[in-house]
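I am attaching a structure below and will ask some questions about it afterwards.
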Amino acid sequence: MKIRVIAPVILEGPTPPSVQQFARMARPDCEVEVVFLDRGPASIESEYEEALAAPDTIAKAKEGEETGADAIVVDCMLDPGLEAARERVSIPVVGPAQVSMHMAAMLSHRFSIVTVVSRLISPFYKLARTYGVSDYLGSVRAIEVPVLELERDQQATVTPLVEQASRAIEEDGSQAIVFGCTGMAGLARAVEDGLRARGYAVPVIDPGVAALKTAEVLVDLRLAHSKLAYPIPPVKALLGYPQL
Amino acid sequence: MKIRVIAPVILEGPTPPSVQQFARMARPDCEVEVVFLDRGPASIESEYEEALAAPDTIAKAKEGEETGADAIVVDCMLDPGLEAARERVSIPVVGPAQVSMHMAAMLSHRFSIVTVVSRLISPFYKLARTYGVSDYLGSVRAIEVPVLELERDQQATVTPLVEQASRAIEEDGSQAIVFGCTGMAGLARAVEDGLRARGYAVPVIDPGVAALKTAEVLVDLRLAHSKLAYPIPPVKALLGYPQL
Amino acid sequence: MKIRVIAPVILEGPTPPSVQQFARMARPDCEVEVVFLDRGPASIESEYEEALAAPDTIAKAKEGEETGADAIVVDCMLDPGLEAARERVSIPVVGPAQVSMHMAAMLSHRFSIVTVVSRLISPFYKLARTYGVSDYLGSVRAIEVPVLELERDQQATVTPLVEQASRAIEEDGSQAIVFGCTGMAGLARAVEDGLRARGYAVPVIDPGVAALKTAEVLVDLRLAHSKLAYPIPPVKALLGYPQL
Amino acid sequence: MKIRVIAPVILEGPTPPSVQQFARMARPDCEVEVVFLDRGPASIESEYEEALAAPDTIAKAKEGEETGADAIVVDCMLDPGLEAARERVSIPVVGPAQVSMHMAAMLSHRFSIVTVVSRLISPFYKLARTYGVSDYLGSVRAIEVPVLELERDQQATVTPLVEQASRAIEEDGSQAIVFGCTGMAGLARAVEDGLRARGYAVPVIDPGVAALKTAEVLVDLRLAHSKLAYPIPPVKALLGYPQL
Amino acid sequence: MKIRVIAPVILEGPTPPSVQQFARMARPDCEVEVVFLDRGPASIESEYEEALAAPDTIAKAKEGEETGADAIVVDCMLDPGLEAARERVSIPVVGPAQVSMHMAAMLSHRFSIVTVVSRLISPFYKLARTYGVSDYLGSVRAIEVPVLELERDQQATVTPLVEQASRAIEEDGSQAIVFGCTGMAGLARAVEDGLRARGYAVPVIDPGVAALKTAEVLVDLRLAHSKLAYPIPPVKALLGYPQL
Amino acid sequence: MKIRVIAPVILEGPTPPSVQQFARMARPDCEVEVVFLDRGPASIESEYEEALAAPDTIAKAKEGEETGADAIVVDCMLDPGLEAARERVSIPVVGPAQVSMHMAAMLSHRFSIVTVVSRLISPFYKLARTYGVSDYLGSVRAIEVPVLELERDQQATVTPLVEQASRAIEEDGSQAIVFGCTGMAGLARAVEDGLRARGYAVPVIDPGVAALKTAEVLVDLRLAHSKLAYPIPPVKALLGYPQL
């Protein structure tokens, strides 16, 4: 199978290590195709940037379907364009936030999201309501490291991630941790180990990878989003964007 | 005060009658400035079109703030770009869906949305969850008239609107009606009369106008969305969109 | 238009400054008529006093409708008699608690109520459930100043209001503040400034004024509560109260 | 023990049969004292009448506590003055609506309320939200027989009660029935039999009697409502009502 | 009436004091019959032990029905086998967790459970969701005393119970306390007194006794769980357990 | 990897076709080991049978962990012993009901469960509450074919499954279908085709297979349930069951 991973940002330097995790984590029978945006922001740390990333994400999803992809993964924890893209294509479109929050709700009774910067706390409260998992969300915490800085030195964030995750467990009663940024991909094991060293045996969910593996499963099961829920949009006049 | 109404679509002919309602309904001390998009779809009947409308809506909101508007109204029942625009500006940004659903929850114990086409039913279920009013949403019904057709002959839709609203009352137990498209602006009174003729004294909420009036009030009260909830996005590299 | 503000208390001295805010905040085309109760408590700080205030509040609402009022505002944060009065009249009856909690849910993802005395914390938990906004209510905090004392020296409460609002932001994660007593009317700006001085740009909602402005809008829109939700009560034998 | 049952209405003729059920259903060691109101409506079929019944209900509760009652039962399915009365007294005050809805939620996964007139449907939707049991409430149905007519010929209502209860089971998926009026007291067995004759073995809850038996239990257990939740109101100027 | 109390554990020594409370608290007209399990764990402090206790609990419930019991009480705060047993019998089967959580939701706006060991915190979060009372559950706290140790010296736990209950009131905003283990039966009064000495007048609910008294009431009212909700299981091949 | 599938029933004849689906659907690198119970019912169509199946299911899970399994799948839509087994082992234990309901909530805005017999409707309402997905559950419908009959002639159930699924879409507004029995494994494609022939493009989720694929993913991701949520039970006296 072929899964297209859309990193919903423009690329300004080398491929970030988090994006490289996808090929590493995919099954042998799964070809991962990573694409970046032509139009959009360099990173997504706001609903504003999410909105600017959505149109080209949708176009890349449509292009993926047309060029033989079996599923789409949107590589950002704000799930930019997720539901709009589902309308445009029939293959599964999978978002890290939706997948990881539901997974955490299955593995625990209360989970926390640990994200990059505190200005992302609000969007996660909203997404939890949108996805129907508010009752499980114990807290959202931030390590106060911007995405692009995180990508420059991932390892430097392990210590603050363990620190905030520990506080989520101790102060907020959480029993599972979800990374609040797909740029943290590859760090789950280290954070899990750090927590175990403090006596906490809790799952640490890497949302981008979780989305990839869920996409593989949906392809296996020949399942996709309901087209009653996400019907094909009508064709009509459109300026500034390609007709898909 | 000056309120900028952003009709989040490109305009291909004369200004639709629904848009003309804003100037008619504004207070004497309120100047309404209507702008259309340069980039986007001709109408919004999907989350896909909502996504394509959002970037220029945000830009027009920012432009509005810079040119002296006191508040922004986004004239579409999917609230395109609402929360992203709130991040970019400090003046109130008001969305018809959010305002009208909360208003209906205040005036009744259960309400229905009557929209244009049944493919819009799903997005309203999602928005009701996002805005926290799912418990009040009795049903979403459609008259199966596309937006552009609606705009060509608004009056023709009164009968099917009354019909679907009546069924919402009788079959779904609803006690208030919210129009599921701002293109229906100006029809609330006629539909209310039609329902009264059938024995139902229920409020019929025109969401675009309700958003305008709420914007006036927020300006009066010098209130806006919380900047803790909607902080200013960071500046960073961006392709395909103007730096705002 | 004419809006009747019912201060659901008996008046024992000069008109409190909070009540004077209504005339100040009304639109030029809106005549505000303030009435006090003939029967009821001197202030409302319990569900007990709310219950004693309700009957005459309803009578004053009915009288207002009969003497040409276009809408009713009940000037108390416990919304005494709100839904009962809606049954008796067809003009809009607006309550500060309902309006301000829904408004805060639209402007933020989590809000706190800061009220006069801690014995009012419980009623607000109940009202939040009744009005369907519990998921947004981060906390209820009190400054421990009784209503009548507050009215004697409003300015003295600004400092404790800022203090409790700050703690709501810092400790409870709230992003917007609702005054938990309409006696605080007129202080929103000062508290907002105090919070901004501490680095918090959050809306501070004055519920009585918010109710007045919402009443103006409902009159403009010719909207009222659903009579399916609030039907006219039957006429029957009644002792101790006037037949309305 | 002594339990005071407050029938929150004025009495215009003989004691209704529903009220006589209390003495019949009380335990041998429980003395039931029934009191009617001096001020209030002849029956309660609206939130308006509920509001007019509340003040004297509270006074009778206080009087009951002072004259040795161990608990109070408010004999009306709108629970008039329930929470206000709890503030005034320390002995348990029990409401039929609260008790019966929670009981139905314990005995089934979905229940319906069958009430007297359809104008009472809305208040029950509100009470279910207030009491936190909305998710269990399958429907509210009415037999369209006013309270006072019901009291004149209780037996005549068995057939329509069975009919509406059957439809609640068949059409709304309900598994338990709650009477939506305490005036139906004494009919539960007949309705249960009627349903069993149609093949439905479901509990039919008589809310007034359920409240009485719950009051007995609370006295046994020496439990009452939390005074942190329902603190004693402050003493202050009051017109038109006795100082309690 | 005869109520069978099933202590869903094997008995290894003398009858624990908590079990003796049932006979003490039953009404004079109520014969309490206590039975222990033949197969199961010595105490229940996990969902695992709950699962091992369930089959014999169901068998003892069926045996109870066949030998003339009018109702069943399962004497454990995890409600082992509660809903399965309801399928097997037609007499009421009452669980302490379900009864006490609903009772606390009626007596307060927020309650805490204080249990034996912190490993039981999670099951209560799950049970609160299952029983629909999550919105009322302020916290679950533990005194860190295992069940069997608790039974050896009940009095030693009063001090830590008061301590944790106080913290639930002060730190978690709770207004009522539910014991999180039926082994604490008989201590409610002492804990209530301890809290009152600290200034907190809150109900302390002993869940086992509350279940017994609720069972008495259900028998009085001739009510039981809905057989539409809990239908009789079909007969089929079965190994390792008796056919009931 | 090796995944142990526990069919939580005793086997009385040949392996049912539904169970054979696991080996067929597993990845090449995944060895599926199917075990049946030594003690338990022949099929599970009640909470009673679920309770009898749980103890040996837990034992088989523990045995699986000790003999090298990487994950456990419980092959029954009532998830017997799921959370208890999670306490006993550290490898992932996956339940079809939990996985399929969350998956349906991710692929649609409202889903229906179509199960074997109507007596299973109630347990699914309860499980939806327990798993936090009630808001997404549109309805539970039954084809009225018992499990063992279903296993004898799976194909005969396709037509009634399509029929009930169609009614769920048309009458209940559902957009996705979840099989309410793992005995239907292998029929999802046929039902999906049948629905497509009626014009409905909706996902049909086979819960057993979905659980298997989710187990594979959890193993890949080295994730398991939180041990803070599901701690190891203490060791103590136990009769009638082996010490695990």
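To keep things simple, chains are lettered A, B, C, D, E and F as they appear, and every chain counts its residues starting from 1.
We take it that contacts are C-beta pairs under 8 Å (C-beta built on N, C-alpha and C of every residue); 3 or more make two chains touch, one makes a residue touch a chain.
Being a predicted model, the structure only gives us computed values, none of them experimental.
Chain centres computed from CA atoms place C at the largest separation from chain F. Inter-chain spacing, taken between the CA centroids of chain C and chain F, is 51 Å. Centre-to-centre, using mean CA coordinates, chain C is 29 Å away from chain D. Centroids built from CA atoms put chain E at 43 Å from chain A.
Each of residues 109, 122, 126, 129, 132, 135, 175, 228-229 in chain D touches at least two other chains. Of all possible chain pairings, those that touch are A-B, A-C, A-E, A-F, B-C, B-D, B-F, C-D, C-E, D-E, D-F, E-F. Those residues of chain D that touch chain E in the shared complex are 25, 27-29, 90, 98-99, 102-103, 105-109, 131-133, 135-136, 169, 175-176, 188-189, 200-203, 205-206, 209-210, 213-214, 216-217, 220-229.
Residues of chain B that touch chain A in their complex: 10, 12, 37-43, 45-52, 54-56, 58, 81, 83-88, 119, 122, 126, 129-130, 132, 146, 148, 228-231, 233-234, 236-241. Those residues of chain F that touch chain B in the shared complex are 109-110, 135, 173, 175.
Taken together, the chain A residues at the contact with chain C in this complex read 121-122, 125-126, 129, 134.
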